[in-house]
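Below you'll find a set of structures to go through.
Both of the next two complexes hold chain A, though its partner changes from chain B to chain C.
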Partner chain A sequence: MSKSGSITAAGQNLWAKVPKANSELFALTYGSLITELIRDYDQNIPEINNQLDRIGYSIGVRCIDELFAKSEVNGVQIPSCRELRETAEVVAKIGFRMFLGVSCDVGKLTEKSFSLYLSENPLSIFVELPQNEVGVDGSSSHGPDWTQLKYSNVYCGVIRGALEQVNLKVECEFVGDMLQGDDVNEIKVEVKEVIADGAGEDYQEE
Partner chain B sequence: MTVHSLHIFDRKGKTLFTKTYSPIAVKQQRYLAESGTAEPGSDPVTEQRKLVFGMLFSLRELVGSLTPDHSGESLQAVRTGSSTVHTFETMGGLRLALYTSNDVPTSQTSERREYMDNIFARDVLRNIYSNIWVECVVRSPMYSPGEIDVKSTTFERELDSYLSSLPWFR
Partner chain C sequence: MSKSTSILDRPILKPRTDQVSMSAYGYLYSELVQYHQTRASSISELEERLASSGYGVGFKILELLSYRNKDNRRETRIMSILQFISSSVWKSLFGRAADSLEKSIEHTDEYMIFDYNPITSNFVSVNKAVSDAYISGIIGGVLEGAGFTARVSAHSVDIEEGEMKNGLIGMPSRKDKAVFLIKFSEKVLERDAKLDR
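Up next is the complex of A and B:
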């Protein structure tokens, strides 16, 4: 278990080194981003989830370089990951710690997937989702189905983007959300493919 | 001691950045471009760069298959009779190759102990990646992996001022 301990320490170390933003400002900014998306996409909830994933993806592909660079500069050793378990630990203990200051736990580990449990979610402080509107007749509801909204879906995109840069194609899904009344925030990460290293088309054509 | 040139490749071998510094390397490139040994339609200088990427790529594979445990950095430098290519690869697949003259030390572990308090080429490359590439290119709003015009960022300026501050630049 000493390895897992060193990963936690590395995460803490990096968190101490990065510049910080006010967490309330951060949460409120994210909240206004969501309201903006809801307005722009006309309350089309699945599309909003998609857009959040896309935003996250673009963040993720940058994050990973930031993480490597910061660890080089500060002499923090990130263990090389040979198994999915190690990758999961690094995402949970270093990634989340360095960028968000929280750490999360790894669970439900199989050969092809793992789950990340976030006990605290810095994006969702102050947040309460609206109730679904109920129609006059009591049964059918109109208006958006808020239970479909994955408020923190940006995490999924970030994880997807970051892992893709290190040759892991994954799919992420928010399966438990405390905003929707679940006990814990759970992100399920499923490995689809390990991208083979190799010269691509650009190399051939250039 | 001279820095000849620097190439940066992405994971797929696409050249993201290339710059030639020393007059002698510029001369060689011009000669190469004029002599035109490559097939029609392709630029000999580009061909040469592709060759270098291909070599670094294959050598890394070779080194990987020769190393029993995968710990430790694999390929550090390739040395010929007159010059050295120092290489540094990030986990994200970015590959930097720095051409220098042979008297530039690669890293602390090289046998030439007389350079104990010198600056090592690999540390330079690491620094270029962490402090210049990430700051100027990755953080650029135009960045998306593999598709960025590096020339439009401040990368080149920062790189030039950093490289020319090195004791072994000229």
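Up next is the complex of A and C:
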């Protein structure tokens, strides 16, 4: 079996073994979180995007732990990633599959970056973003600019948090959003730095 | 805006069968709790905030289930709306019915829904009732939306020897169960009593 095929199989294998929860409850709960954010941050959209990224980060650092732990317990092998292409495949085919049960594709691969394409987004199944308010004379009014809202920005934080735990400092951006009329959800991941192992000489194994 | 598939064109009648992993929900919910925790100054305020988050979900799920309900029924009696919540709402949100529904013996205006394993406190070790406040909010939202004003609160009660235990696989079984106490307002009770005649 090709390497990419075995990664897909590993993802499906893990997905079959984890306990499940209803996706509608998941979407509605995320929606209520967004509602709280919009209320508490007074419709300050850039700040809401930031907060979502922060929330995602704290989820991501836990996710990756679970991913490794569950694969060990269930005897599913995750190939070690020697190049970015493999890392991207594992995030897409194992990460997204295991936690959300959706498939996700990798594209636009370069040496330092890749894009993840998400055709189904479990967070936004009930969502339609409001249109911007338009003044009587056609000018844009003072309402918030909803086209700036990255509803699913939490994914960016999750990926950033998870990859940081395996020594990859990345920046993520939600560049395509089906809620904003794009054809597909696209998350751009850019590697900034490969962190050297942190432990000093004192801690090194003999 | 020219969207090929607007959300309004997508069918909602068929219940969605797709799922996410329990842990993904756990992470998301824990973030919701932490978010409220940093903004609440006391436990009771935290409970209130979580309940108010659930409240909106309750309204939406009532609307969704009413659309999906094929026989166009509208629940008008206390007992039937409670059964609707503990079976239909529970099944659609948590994949199973609530463990039991009881009427309080001491207070005629109080009803209780029991759940041995609510999803909101699966991964919680202390103050489980606080974490379950979200579900009490959902119940409150459904009831209010259906025209039954009530106060709903979540509690945690130790289970007795010999009672059923059905923990998650791989998790230690729980020593307590969640009780959602529903106290209807007087007007609702009066109306229900009139319908009895």
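The rule we apply is simple: the second predicted complex is superposed on the first by the 197 of 206 C-alpha atoms of A that agree within 3 Å, B and C clash if a C-alpha of one lies under 4 Å from a C-alpha of the other, contacts with A are read in each partner's own complex, and residues count from 1 in each chain.
The rule we apply is simple: contacts are C-beta pairs under 8 Å (C-beta built on N, C-alpha and C of every residue); 3 or more make two chains touch, one makes a residue touch a chain.
No experiment lies behind these values; they were computed from the predicted model shown.
When the two complexes are overlaid on their common chain A, residue A:Met98 makes contact with chain C while staying clear of chain B.
In the superposed model, A:Phe26 lies in contact with chain C only, and not with chain B. Touch criterion met: A:Val166 reaches chain B, while chain C stays clear of it.
In the superposition on chain A, contact is made by A:Ser58 with both chain B and chain C.
When the shared chain is aligned, chain B comes close enough to touch A:Ser80, but chain C does not.
When the two complexes are overlaid on their common chain A, residue A:Glu66 makes contact with chain B and with chain C alike.
Comparing chain B with chain C, the partner in contact with more residues of chain A is C.
In the superposition on chain A, A:Ile45 makes contact with neither chain B nor chain C. On chain A, the surface touched by chain B in one complex and the surface touched by chain C in the other have residues 58, 62, 66 in common.
Listed in rising order, the residues of chain C touching chain A in the complex are 1-4, 6-8, 15-16, 18-25, 27-29, 31-32, 34-36, 39, 53-54, 56-57, 60-61, 64, 92-95, 119, 134, 168-169.
Chain A meets chain C in the complex at residues 15, 18-26, 28-33, 35-37, 40, 55, 58-59, 62-63, 66, 98-101, 120, 122, 125-128, 131, 181, 183. Per the touch definition, chain B reaches chain A in the complex via residues 10-15, 46, 50, 53-54, 57, 70-71, 90-94, 126, 129-131, 133-134, 138-139, 143-146.
Partner chain B is touched in their complex by these residues of chain A: 58, 61-62, 64-66, 68-70, 72-73, 80, 82, 165-167, 197-203, 206.
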